[in-house]
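Each of the next two complexes has subunit A plus one more chain, namely subunit B in the first and subunit C in the second.
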Partner chain A sequence: MKIDLSGLGIDYGAILPELIVVGTAIVVLFLDLLLPVARRRWLPAVTVVGLLAALIASLPLWGQNRAAFADTVVADSLAAFFNVLLIVITILTVLISPRFLRALDLDHGEYYILLLGATAGMMLLAAATSLMTIFLGIELLSISLYVLSGFARSVPRSQESALKYLLLGGFATGFLLYGMALIYGATGSTTLRGIAAFAAASGAAGNVLLLLGIGFLSVGLAFKASAAPFHMWTPDVYEGAPTIVTTFMSVATKSAAFAAIGRVFIATFPSISARWYFPLALIAIFSLFIGNLVAIIEDNLKRILAYSGIAHAGYILLGILPGTAAGFSASVFYIAAYAVMNFGAFAVVTALGAGGEQTADINYWRGLFYRRPFLATVMTIFMLSLAGIPPTVGFFAKLFVFQALVNAQIWAPLVVAVVMTIVSFYYYLRVVVVMLATPEEAVSEQPRVGISTSGVLGVAALATIALGVFPTTVLDWASHAASLHF
Partner chain B sequence: MSWYTLPTGVPWLTLVVVIPLAGALLVALTPGVARSVIKQLGVLSAGLSMLLAVAVIGGFQHGVGNLHFQFEESLRWIPSAGISYHLGVDGLSLFLLGLNALLFLIAVLVTDPEMPRFKQFMLLLLILEAATAGIMLSLDLILFYVFWEAMLVPLYFLIGVWGEGQRIYAAFKFLIYTVLGSFAMLIAILAVAAINFSQTGQLSFDWAQLIQHPASGIWHLPLGLGTLGIQQLLFLGFALAFAIKMPLFPLHTWLPAAYTASPIPVVIVLAGLVSKLGAYGFLRFNLALFPDAAHSLGPLLAVLAVIGILYGAFMALVQTDLKRLVAYASMSHLGFIGLGIFAGNLLGIEGSLVQMINHGVIIAALFLVVGMIERRAGTRDRAQLRGLGATAPLFAALFLVVSLAALGLPGLNGFVGEFLIMLGAWTAFVPLAVAAGIGVILAAWYVLRFYQGSMQEAPPEPTTFGEVRPIDGGVLAPLLALMVLIGVTPGFFPAAVEATVKALPVIVR
Partner chain C sequence: MPPAYLFLLLSGALFTMGAVGFLVRRNPLVVFMCIELMLNAVNLAFAAESRFLNSLDGVVFAFLVITVAAAEVVVGIAIITQVYRAGRQMDVDGLDLMKE
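== the complex of A and B ==
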């Protein structure tokens, strides 16, 4: 018997970047087994080489619209954009990892394998055009991150955070899967193209089954993007997980989740945008309120940044609200901006945290300008950018989102966003003021941060300012990537 | 008219912004212990900016150029969002540019290199100079906003870290007020561009584009709560930002706290310059982009300005802290500038432009004098200061000239602006002009009491109050020279700005 596979559209070129990342993970797995302990430092190098290869393989996807594997994945500009973004984040994470892992005695090969697994899942999620592949991507990234959160096996906080993430994450996956089942039940299709065709037909806006399904699907995606009120896990997991893992997942997970949110809401359901506008606007407003208000009372920098991340999920969601490619391009630009500045901010915490966990307490940061002028300076740049003060990329990120809202005449969420931005100045500038204050007591000196870490921090800080002065190129890329269509 | 022609092809205005930034970069690269090097770098870059500003003022040809703009630079910046890098200088901004350079040079000169964290102080001061210069030169609304926000951070830290007394409280209050206004303006900026886009099909934040199509139409409030003119709404968005910065009554409550907490170099810039940027914003944006709303809402703002004149004057009368006294005096004088702007006629606006320069010169001199008194006598309490002039006659003489200029004596600069503003206000609204006249009388009262109380009468005990040092005289000299010069050539400034003011839409209509 001969099985005919021609109709499936098998096209390995379309998923070549993902294949390379997974392949690298397998290579690292075996190297970890075979290499003598003294040669373990080869693992990050191999990881970076594999990621660079995947980066190069992603570039040809730009400008294409290549559906593959029976419409379950697509190789298009959005996928290429997020591939590059996610791979760069992962490379930067790997570059600052060894020093941190050695300091905490966590230098195991599994770390790189899990990191690569999570990256592959995120890349798949950004390219997914079917409910099945969306689920596959989310599970791959989630399971890797569950383990990574608990990677500091001897630290109870880390264990707690992994368990919390796992339980709540499993719960959210349940919602996601249930929503997918309902959508399939309503439309008879699992590919986004088929679902979009159904939604465009008349009567879809009144289909309760479909609307319920979209609702449950949104819960699952909002959980991954840590948007309120599905954010409960974020502060605890961010605080408990090893800082390097928090650095990675705070930017990478959110980016991938928003790529999927864009594909679902902008590309698949634009025809019934009147139905999902209100719940989504509510999620955005909740995120803005909770993220910005709770961050004020936190004293732990990792928790402050966790709540700030929730708030930024709100800003990114605002760009989805108009339901247009123009609005989504503002979101895509925001995601790239957020990735740069938030990665930088967490990386500073990581660089300081090579000595232990108490460094996230804001009192430890008193007078950092006099002890660690470089770290304090780049942290100031990241804080100003997160607050949205020009000339940093954070300003233009907010500007473009606000512009999209004004052009779409969406006023109420805009007013909330503006007021909450003013509130956010308090806690971002507080960090800077603390670093400028005179330290009350002498703090023991930590080891220097090392060349690769300072290099990564310097690159992130320069990018934060350079993109704030010349945002045009990335903005054009973002609007090209955001012009989705089926 | 111009004295000479500057070579074309040189981006003069970009240089005005870049030179302080380059100075800041050099300061950042200098080790913090090399205090004298940092000071010299600061003086050098502020001095270069001063030379450049003088060169631009000298080379400016009045009444020439597209919309009377000169030294225009226009580059594509973010074309897909309609944002450009567009700089230009006209009658509204020309002399402010000079004031900017002069006050920053003075601020840098009077900064004590032995202060704690001197390097960071100088760094922030130079960044601030670049931002304020950018505000005056930007002709793209987003570019303007970028500089406007960029000004905030250095000021916040300059007050919050190097201030005195309740500095954190003052800095934070200043921040919250300013940001509130800024965001109202940002939304209005975006809305102006969106409306212009729907009218012309061109997405642009360029001032020169937007001025040609003033927004019109009515906005229906939800729930049938009535209607608002769109132009009025946008006008108010911009007005909030500028009224807070200026500040206009009742948005002034951050002012006494911030002025009192600021160190002297910062308060010179804050009172002398930053407040003027609010007034400049009213002229550049509110009166130019929304002429109809300026006519309908002008009287309301003029009333607020006059309340500010009287409120500031009465508050100045009851202060015992000299710094607070000058802070309220500054607020009172700013009311005059507001009154001239909102009168909306040629005389009023010309007068307010002249008075912006005068106020910058006078208030900077007054704060310098307060700083000198405090350093020598160790206190700013009016009750404890008596007869200081006995041992420092030269200082007393300099102070006297400043005082007389502040209370508007004819022959000195303060009179020129106030007189023009009163003429303009008289043609627009007579009762307000009368009320503002009371403010002039009160000014004479609190200024002379300040001068006589501290300088004259016999000292209670033999004082060791020292005479002016060369540096004190050096920084006061250009200010005093300007006071006399503007006072004896009252026609110079109005003639220089007339072409620009006459072209303002609010005058044309």
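== the complex of A and C ==
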């Protein structure tokens, strides 16, 4: 008997970047077993080489619209955009990792394998056009991150962070899957293309099963994007996890989750946007309020950045609200901007601590300008950008999102966003002011940051300013990537 | 063959039991079992819908969920064991190191 596989659309070229990342993870796994301890330095090098290869393999996907594997994944500009973004984030993370891991005595090869696994899951999520691949991508990245957040095995806070993330993440997965089951029951299809065709037909807006399903699915996705009121896990997990892991997951998870949110809401359900507009607007407004207001009363920098991340999830969601490709392109630009500046801010916390946890306390940052001028300067750039002050990229990211709302005549969320942006100046500028204050007493001097760490910080700071001065190129890319079509 | 909505009602009841159990139980292992109950409710829904829609996608999805849930259990039990071995109480209310 001959089995006919032609209808499955097997096309390995479309998922080549993901395959390279997974392949690299397997190579690193074996190298970790075979290499003597003295050669451990090879692991990050191999990881970076594999990621660079995946980066190059992602570039040809730009401009294509290549559905593969029976419509479960697509190789298009959005996937290419997020592949590049996610791979660059991972490379930068790997570059600052060895020093941090050695300081914490965590220099195990599993770290790189899990990092690559999480990256592959995020890339799959960004390319997913079926409920199955969305689920697989989310689980691949989540399970890797559960382990990574508990990577400092003997540290109680890290254990607690992993357990909380695991239990709440599993709870959210349950909601996500239940939503998928209801959507499948209503539409009879698991591919987004089939679901979109059903939703475009008349009567879909009154289909209770479908609407319930979309609701449950949104809860699961909002959890991954850490949007309020599904953000409960974020501050504790961010605080307890090793800072280098927080750096990675705060930007990478959110980027991948919003790629999936865009595909679901902008590409699949534009026909019933009147139904999802109001709940989504509420989630965005909640995120803006809770993120920006709670960040004011926090004194731990990792927690401040966690709440700031919740607020930024709100801004990114605002771009989804118009339900158009133009609005989504503002979100995509915002995601790229957020990735650069938030990665930088967390990387400074990582570099300053080099493993110590007390350095996340804002009192430790008093007078940092006089002790560590370079770190304090780049941190100032990131803080100004997160606050949205020109000429940094954060300003244009907010401007484009607000512009999209004005064009779509969406006023109430816009007013909340503007007011909350002004509120957010307080806690971002507070960090800058604290760094400028005269130190109360001499703090024990930390070892200098290495060349790779300063290089990564310098690149992130330069990108934050350069993208703010010349935002048009990346905005063009974002609008091209956001023009989804099925 | 009973009508389709009965299967969805049963699935919904199981899912609710899992979700409520997640919120009220204190032992991390039991909480984890409640998550598994939620996933099994999902599997039931997928299998029943697959039968009534006469499409195989739902069954494939159910297998996918079983496989991924197994992977999640492996990681989950390891993390719970780690917390247990550190001598902490097996109580999710005790996880408050990061509350000010």
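To be clear about the criterion, the second predicted complex is superposed on the first by the 485 of 486 C-alpha atoms of A that agree within 3 Å, B and C clash if a C-alpha of one lies under 4 Å from a C-alpha of the other, contacts with A are read in each partner's own complex, and residues count from 1 in each chain.
We adopt the following convention: a residue touches a chain if its C-beta (ideal position, glycine included) is under 8 Å from a C-beta of that chain, and two chains touch if they have at least 3 such contacts.
Remember, it's a predicted structure, so these values are computed and weren't measured experimentally.
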Task: subunit C versus subunit B on the shared subunit A, clash or fit after superposition - done: fit
TODO: Look at A:Thr93 in the shared chain and tell me whether it touches subunit B only, subunit C only, both, or neither; answer first, second, both or neither.
DONE: neither
Open item on the list: With the two complexes overlaid on chain A, check the angle at subunit A between subunit B and subunit C, Cα centres, nearest 10°.
Closed with: 140
Open item on the list: For the overlaid complexes, name the partner, subunit B or subunit C, with more touching residues on subunit A.
Closed with: C
TODO: In the overlay, answer first, second, both or neither for which of subunit B and subunit C A:Ser250 touches.
DONE: neither
Open item on the list: Tell me the contact category for A:Gln159 with respect to subunit B and subunit C: first, second, both or neither.
Closed with: second
TODO: Applying the touch criterion given at the start, work out whether A:Val433 contacts subunit B, subunit C, both or neither, answering first, second, both or neither.
DONE: first
Task: subunit B versus subunit C as contact partner of A:Ser58, first or second or both or neither - done: neither
Task: Distance in angstrom between the closest Cα atoms of subunit C and subunit B, superposition on A - done: 27
- [ ] Flag every residue of subunit A that touches subunit B in the complex, lowest number first.
- [x] 369, 384, 389-391, 395-396, 399-400, 402-403, 406-407, 414, 418, 421-422, 425-426, 429, 432-433, 436, 471-472, 475-476, 479
Task: Contact set on subunit A toward subunit C in their complex - done: 131-132, 135-136, 139, 143, 146-147, 150, 153-154, 156-157, 159-164, 166-167, 170-171, 173-174, 177-178, 180-182, 184-185, 188-190, 235-236, 239-240
TODO: Enumerate the contact residues on subunit C facing subunit A in the complex.
DONE: 8, 11, 15, 18-19, 22, 28, 31-32, 35, 38-39, 41-42, 45-46, 49, 53, 55, 57-58, 60-61, 64-65, 68, 71-72, 75-76, 78-80, 82-83, 86, 88, 92, 95, 97-98
Task: subunit B to subunit A touching residues, read off their complex - done: 77-81, 117, 120, 142, 145-147, 149-150, 152-153, 156-157, 160-161, 168, 172, 175-176, 179-180, 183, 186-187, 190-191, 193-194, 197
